[in-house]
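Common to both upcoming complexes is chain A, partnered first by chain B, then by chain C.
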Partner chain A sequence: MTVQSIRVSDFTRLPGPRYIREGPFSGEQYRTQRLAPAFEAAFRAGQTLEVDLDGMKYGYPASFLEESFGGLCRLWTDPKEAPKLLTPDQVWNQLSIKSNDDPTLVTTVNRYIQEANERKTTGR
Partner chain B sequence: MWIGPYVLLLIGLCIGWVARSFWASPAIPASTVFSAAVALFIGWLIQSALRRQGELSKVPIDAVGGLCKRLDELIVDCLKTSPDTKAADPALLTKLRSLANEVTWLCAIAGNLKCEPALANLVKNSHQDLFDAATMGEYFDAATSTAAGHRLRARTLALQWDICQRVLERSNKPKALRRLLETLDPESNGR
Partner chain C sequence: MKRSWTHPDFRRAQAIRRKRAERRYKIRTSGFGGGSGTSGPTIVAPPVLSVFDEPKDTLTFCNAFRARLSGRHPRVFLDLRRVVRVSSDALLLMRAIMKNALTVNVGGNMPEKLDVAAKLKASGFFTGFAKPPGQLPDPVGMMRDSFERLVINTKAEAMVDFARDHASLNSAEASVSYQTLMEVMSNTHHHANRSAEAGKLDPDVAPSQPARWFAMVYCEDGVAYFTIADLGVGILNSYPARRFLSKLGIGVGAYGSARLLTDAFTGEVGSSTELPGRGRGLPKMLNDAKTTLPTMRVLTSSTTGEIASLAFRRVPEGFHGTIFRWSAGGRRSES
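Right after this comes the complex of A and B.
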């Protein structure tokens, strides 16, 4: 399977809070402007989306990652909103997470995707 | 092998012989002097081998001790964060990223020494809990973070204990232990 790539560092090197109303460069903003469109494009092209998490100045807050990746999973597992209904496993398999700066983030993102529907709802 | 032990054996034999000939009773048989010197020699060999093994196993144990001390300090530093600190605070994120790297390193050592995988998983899980507690909300959650931090410290101690046990189990095979630890460096090629 071919791969499309995006880098979070192209969006910001200082990831912010969870929601747009809480401050700049939020997880919600990243999801709606970058991650979700790239994910949908990769999905429609039958490709894997590689997300490069490296290059942050300080690191990620959990809220940013949860809102980006957990929010993406909530969107694609919601029967009313999903462009095509997927399971959390299918969302995860569609992604390839690269994180050399902090290798624990790969497991973290996987967990946020698997537990997405047990957590807060998107855009609250 | 270093010639020291043989010199020691020779000196012991000479002293024994002189004592037998000029000072003690010449009635002491030469074989007794020889057996005493050999016993001394073997005793010295055993104690030096044991000491060498002890010193060799101290190297990885000290390294793991230092690593766990750094982990402990980073956890305490994170827990000192004020509750009005935002989750995206650079100082907090820097500490958490350092903590994540130290946890990864500790678990890599534990994996190479064939420690109980459940112990390493508990450390990883409690690290994730601390990361979530500290930065999942808009602000640092001191109460939840403190509980997660205490769990991480306790589990790190348990893993440190297991690593030390694995090192001591291999203390009579220092070369095998060194080979296991060298695989942590992918570029070492077993050198």
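Right after this comes the complex of A and C.
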């Protein structure tokens, strides 16, 4: 399978908050402007999307990363929103995460995708 | 019934809080005569001002100061002559109280101990209203502070860059410090404002006036001391904590504030909002404290402790707000 590729460092080297309303360079902004369009293009072309996480000055705040990748999964697993309904595993398989600076981020992104729709119904 | 800052009930509650704080601290009602020209009650500072080392005295002092500034005629004189040690967390809290006040009319004198006076002067706290006692030595450390309502990545970057320039941070400490600053700014934006306290705010709705965060990094002897604070409702009175407790049908008193704070850091409280993907900030901070920043501590809603060990306890003096503090580049104590 051929691969399309995007780099987060083309968007920012200082990832910001979760939502656009909170401040600049948010995860929501990255997802809507860069990640989701590239994912859809790769999906329609039958290609894998490689996302290069390297090049950040001080790494990733958890909420930026969750909103980017967890948010992408929520979009593609929502029957009302998804261009084509996918499972979290299918979203993950459509992606190839590159992270040489911090290899643990690959696992983290996978977890955010797998747990993107989880909601606990009780406090404990 | 809709409540607001100008509602009579709010004004009454504010006046009661102020009187209680003044009674506790025995504020003198005559002017101090320190030559500042500011008449009004004098608040005498304790010898050690440090939020985490001397929480009771420091919070009593800061609460009295805050209560006085929240009044209609906020004139106050701060007597700091006896202070022999002031840590950067206390400095930040005092500056935050000043910045948060609608109107400020504060006078004060400097500590008699010259190095402490130099540190206070360097913080900018007394700019414009106090004369240093004679020739001051150069301050031992260097500091930079910042405040904002939004989550601004460049402000967090500037704090960490400053720390790297003036202390011996490794790259992991620098990265985790940046990420922690961003998460705390974000938590302040979402949960610290007063409408969240009223329980009216859905966490996914933007607050009309988000609370302000205040951050400071103080570098001394190769170590950077980070503090970030807000004067909002505190983690234990935030929307997620209230929702968590309401599901259990129990109040914070019966549940235990230390236990509730532990649940906040282990992710139980954040996940109770039932919003997918939310509530990951505090658990990540717990993990980062265990692996990279073991000195990270928190004071929120009158509960404090070391995050890595989840060893929390109540402090005798109440506090509305949240303060995080950690050091990077070593484990020495701040002078």
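By definition in this document, the second predicted complex is superposed on the first by the 118 of 124 C-alpha atoms of A that agree within 3 Å, B and C clash if a C-alpha of one lies under 4 Å from a C-alpha of the other, contacts with A are read in each partner's own complex, and residues count from 1 in each chain.
Going forward, a contact is a pair of C-beta atoms (placed from the backbone, for glycine too) under 8 Å apart; a residue touches a chain by one contact, two chains touch by 3 or more.
It should be emphasised that the depicted structure is a prediction, and the values quoted were computed from it without experimental measurement.
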First, second, both or neither for A:Arg34, with chain B first and chain C second: neither
Touched partner set for A:Thr107, first chain B, second chain C, both or neither: first
Residues of chain A touched, compared between chain B and chain C (which is higher): C
Touched partner set for A:Ala116, first chain B, second chain C, both or neither: second
Partner chain(s) touched by A:Gly71 [first = chain B, second = chain C, both, neither]: second
Partner chain(s) touched by A:Pro17 [first = chain B, second = chain C, both, neither]: both
Set intersection of chain A contacts, chain C complex versus chain B complex: 14-18, 22-23, 57-64, 66
Touching residues on chain A, where the partner in the complex is chain B: 14-18, 22-23, 57-64, 66, 101-105, 107-108, 111
Sites on chain B touched by chain A in the complex: 86-88, 90, 93-94, 96-97, 100-101, 103-104, 124, 127-128, 131-132, 134-138
Complex interface listing, chain C residues touching chain A: 150-154, 156-157, 160, 174-179, 182-183, 185-186, 189-190, 206, 244-245, 247-248, 263, 268-269, 271-272, 274-277, 280-281, 284
Residues of chain A defined as touching chain C within the complex: 12, 14-19, 21-26, 57-64, 66-67, 70-71, 74, 112, 115-124
